[in-house]
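Lettered A, B, C and D in written order, each chain numbered from 1.
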Amino acid sequence: MIFAKELNDTLRGALTGDRRVVLLGEDIADPYGGAFKVTRGLSTAFPQRVRTTPISEGAIAGISAGLALAGYRPIAEVMFGDFLTLMFDQVVNHMAKYQAMYAGQATCPVVIRAATGGHRGYGPTHSQSLEKHFLGVPHLRVVAASLYHDPRTVFADFLGRDEPVLYVEHKLLYPQHLTSPVNGRVGDLIAGSDASPGALPTIRLSAVPAEDCSVSVLAYGYQAHLAAQVIERLAIEEEIFAELIVPAQIAPMDWAPVERSVAVTGRLVTVEEGADGWSWGAEAASVISRRLFGRLDRPVDVVASDATVIPSSKTKEAAVLVGSARIEAAIRAAAN
Amino acid sequence: MIFAKELNDTLRGALTGDRRVVLLGEDIADPYGGAFKVTRGLSTAFPQRVRTTPISEGAIAGISAGLALAGYRPIAEVMFGDFLTLMFDQVVNHMAKYQAMYAGQATCPVVIRAATGGHRGYGPTHSQSLEKHFLGVPHLRVVAASLYHDPRTVFADFLGRDEPVLYVEHKLLYPQHLTSPVNGRVGDLIAGSDASPGALPTIRLSAVPAEDCSVSVLAYGYQAHLAAQVIERLAIEEEIFAELIVPAQIAPMDWAPVERSVAVTGRLVTVEEGADGWSWGAEAASVISRRLFGRLDRPVDVVASDATVIPSSKTKEAAVLVGSARIEAAIRAAAN
Amino acid sequence: MSSTALAPAPAGTDERLTGVPGEPLAHRRYRRMRFIRRFEETLLQLFEEGALNGTTHACIGQEADAVAVTEHLADGDHIFSNHRCHGHYLAHSGDALGLMAEIMGKEAGVCRGMGGSQHICAPGFKSNGVQGGIVPNAAGIALANQLDGDGAVSVVFIGDGTLGEGVVYETLNMAALWRLPLLVVCEDNRWAQSTPVAANLAGDMAARFAAFGVPVREIDSTDVEELSTVAGEEVAAVRAGDGPRVLLIHTYRLCHHSKSDDERPQDEIDAHWLVEPLVVHGRRLDGADRSRIDDEVEAALAEVVATARALP
Amino acid sequence: MSSTALAPAPAGTDERLTGVPGEPLAHRRYRRMRFIRRFEETLLQLFEEGALNGTTHACIGQEADAVAVTEHLADGDHIFSNHRCHGHYLAHSGDALGLMAEIMGKEAGVCRGMGGSQHICAPGFKSNGVQGGIVPNAAGIALANQLDGDGAVSVVFIGDGTLGEGVVYETLNMAALWRLPLLVVCEDNRWAQSTPVAANLAGDMAARFAAFGVPVREIDSTDVEELSTVAGEEVAAVRAGDGPRVLLIHTYRLCHHSKSDDERPQDEIDAHWLVEPLVVHGRRLDGADRSRIDDEVEAALAEVVATARALP
């Protein structure tokens, strides 16, 4: 099944299994079923708990927060992650604050699902990966969809815990097939899974055993998928062996799997589609440079998109956003 | 004059000298003159161009953006920086985008002034330093008020350039006296000023010549003021010599002065009041660890506040926020 | 009167503040308003003494709103309040010690000193200091009530100035579309911080709600009896499942906005002292009853302050 | 008719698209609407062929709004438009090549391929793809006009669905308080993406504006003549300095929302094809004139497409 359908199935399962689950979002009702069809069929099956909303991102977030305070498990869809900006106040000053500010007397476990990312020519306001601005919001978890993490596991985690979560789904994942590790493999790559107790697993992928890799690559979401392809190609064509580390939760981060990998390779490349500067990878570079001080062979390389507007023009867009070519160049440079 | 008055005078000068300058904000009109009195007297002098607004942060930002697109120089006040969240969409998807998205056919030079920071017992929603979430927004400059930067110079820079700016004013600076370097000194400290051409100056402060310092400390705003006090005390009482680097513009950063200082000391401590994790200092650690790879004596230490809600209780607040004690501990540890 | 109007105060609260068993309703209302008034005045005094830090927003002059509305709420209902929340909280819970300790930053405070004056949480009650955002939060609670089908209502208190925030309208729209059991109590006290309504608000206040399909009940009063009647009808209508409603109360804030910021015309303030809730309702009690209640409240509050001060 | 109604199209545009000198106003209007219609249809075809990437929102069925409103705008006035901006832009500028090249991602596009379909900028015109946020932006331009005292007006186009965004109301309030020369043109095409007005909007659409002190002129029409008369009066009133106004046009979108997403009832769509702007106004022309104009538009557009395709 393609990822959009896996997600749909996950949401259906959540609605079926837990009467506290409520879905809110713009145009999510049938027959339309959401701009990316992730909620198709759900409003028909659960008309009371799957509600299409007006174009009111602030209130969608705010109503979700209220539902969560009252014991429900709202899952709000943001049609384009670019419009998370309109939820920022509710996320920062309301949902992420309530539990601590009320000394634990309330919890606010909202899940916000946002379709993010570019490479589709949608232009400056429909292509961004703005999640970096939500990293480091105290008490907010940020989790990224990936082809290596079954969304059922991920949503089970969301529904089993009490914190608000931003779940970013890169648009280009929707038509791809989920490829969770099976028998220690993802396709031709060796797959490992690390998880601190209670945490979502971090997937490790490599063409040869981790001990034989010379570069660690840390990536999430669609960029992790691109990185896996690059790593596979480099292994076959050039005998450059890199280990890819794909966390589900990108903030707060469980750095242990990254540290373990880099302790072996001595080299780290981080990859993300968001704009360069104060990005996800900057914190990785900061933490890993500290934890493995004196044990790195080279500085951590943070690969991110150009710090500018994402153009509509296909060629211009490709020049601004991280894609396979940049990932490959970075891994080659690191392996040298 | 106290900093609030210096700022007031700066704004008055801007309104007098440039008819394109317009001030907008909540409760900024006389006789009240703003929650922190920064605009006192200005609406009386310039009734058309100093306008108190309804409690509508989104529209304040959006109207400012429109004014700027039409050639004006709006300066919008946010009563508490905590409510910048409500401007996030206008900042990210409107003002910071227009110039590049329109291929240079328009500019959007809005200045947003925000009163930030804690240590006053104002509690979870009136004490935050949320500027870290605005770092790395492409085409947005983030500038921090400091006692070492004359706001007249800073605003001259804003009005002379075409980019939007977020200017954060820590509340605890308002009652302090401006102490711009005079004759190479700020009080008992030696003061230097570095500036790449066209950039706002970065101030360097130390008790002994920079060559004799063993630690570099990078800080902005009110935390820079605290750091200077600590550095002075440590120099006198313990003969620990640190160089303090205080940029005005905190994003994008001119790393050159930082790099020069750390090239000498081999040790960097960054200090900020915002919450830990994907903070200002993380990018500094990432960049400096890369640029001075192999030349650092110890990992970069990022000092930031606890990643949680800021309590109202004075003692609890002090335990969460960075203050002199944490700065001192970090510098001592670095000097070891 | 709804049957909840004389519901006993929560256990652990002091009857001298919340109502002595068997006393007439008029006495009880006077007592509760007096309690809120004196609590706020005490706070302001403690601030002046330097015994408190941070800031606070007193509701002096608006006590009748809190008392009138909360009279009609029952277990399971929920109140969301704003920065000016003490009256709402005290009328709801009677918990003077918890709130005082909270504002003093003590561990025994309702939120263990985390929230302080404007970020309160207790069963059936929450507040937040960001204007506007609490309205969708309250609507979310109303949606939960609707899904639960338990007949509970969600009440949110906002001020006139908060009508500047866009999310209020987003929420009115959704609440009306979905017929949520939400009561918005808009306390129009004529000023928002330093800004008079006329400089903040274009058009017609009541029409704004009506335009979003939310019926408005408008009342210009500081009389707790009048207010209670109207509030009771509005709460009942919301509880009946007819969708959201607005209770728009024109009133007046007699104190400064927060601690010492007041530039309003003195004669305007003076005029409102003549019709403040305690004066208006106090006339219904005879002088002896009033002084007895005043004394009881005073004694009880003094104990609260002393106890709170002594807390770790 | 205002004197600007027959202002010549900007230099460099093709008279076959924007109006041949001396032709009757009725012809010119038909031509301009036909131009917009065929431009949009051509785009959709190019998308289907795979010649374009990204997405687009065609304004088929709403061409009369664009033509009617822009007729009354003069140099110095400013238009802010939304995702469905092609008609507004073409009626304003006649710049088919610049827009086509932009959507094709060519360097010669109005924004050099940066903006694409929904982020357009040219003298007197801007658009952005984030619903709602353009309204305060347009109000800011209106404030600039007011400060300049130049009698220029700022016009912003929004859709019915955009009435969900809170910042719209924040802006209406401020524009009314400050009497800004802002005209909000609300094109109610009955649907927002897949959502009908009834599921998006509670209360009364026109009353929403009025409640914020902004006068509303409401019209249910696809007739460019009728629309132009009303638009002319509204623009003139705003220009006169009486503050913001709303022109609320009930119309219909005949195409899908963006590229292929349409789940609306077929009979509803069919019914609206019978009263679409070209049909309604086309009746005023005789058949020969219509075919001649159609052919001229077709030829001119074909050249635009060919030229644009050949661009680097």
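Here is the rule we use: a residue touches a chain if its C-beta (ideal position, glycine included) is under 8 Å from a C-beta of that chain, and two chains touch if they have at least 3 such contacts.
None of the values given here were measured: they were computed from a predicted structure.
**Q** Among the chains, which one keeps its Cα centre farthest from the Cα centre of chain D?
**A** So the farthest one, by centre of C-alpha atoms, is C.
**Q** Roughly how far is chain A from chain C, going centre to centre by Cα mean, in whole Å?
**A** Taking the average C-alpha coordinate of chain A and of chain C, the gap between them is 42 Å.
**Q** What whole-number Å value describes the gap between the mean CA coordinates of chain A and chain B?
**A** Measuring from centre to centre gives 31 Å for this pair.
**Q** Averaged over CA atoms, how far is the centre of chain C from the centre of chain D? Could you give it in whole Å?
**A** About 48 Å separates the centre of chain C from that of chain D.
**Q** In chain C, what residues contact two or more other chains?
**A** As it turns out, chain C has residues touching two or more other chains at 112, 114-115, 119, 128, 130, 163-167, 170, 173-174, 177, 199-201.
**Q** Which parts of chain B, given as residue numbers and ranges, touch two or more other chains?
**A** Answer for chain B, listing residues that touch two or more other chains: 53-54, 56, 58-59, 82-83, 86, 89, 93, 97, 100-101, 124-125, 309.
**Q** If each chain is a node and each touching pair an edge, is that a line, ring, star, complete or other?
**A** complete
**Q** For a test of understanding, state which residues of chain D touch chain C in their complex under the given definition.
**A** Answer in residue numbers: 163-170, 172-174, 176-177, 199-204, 207-208, 210-214.
**Q** Sort out for me which residues of chain D touch chain B in the complex.
**A** 78, 111-112, 114-115, 119, 121-122, 126, 128, 130, 133, 135-145, 147, 154, 166-167, 170-171, 173-174, 177-178
**Q** If you look only at chain B, which of its residues touch chain C in the complex?
**A** 26-27, 29, 31-32, 35, 52-59, 82-83, 86, 120-126, 309, 311-316
**Q** Taking the touch rule as given, give the residues of chain C at its contact with chain B in the complex, in rising order.
**A** 53-55, 102-103, 105-106, 109, 112-119, 128-132, 161-166, 192-195, 199-201, 261, 263
**Q** Within their complex, state which residues of chain A touch chain C.
**A** 22, 48-49, 51, 53-54, 56, 58-59, 61-72, 74, 89-90, 93-94, 97-98, 100-103, 105-106
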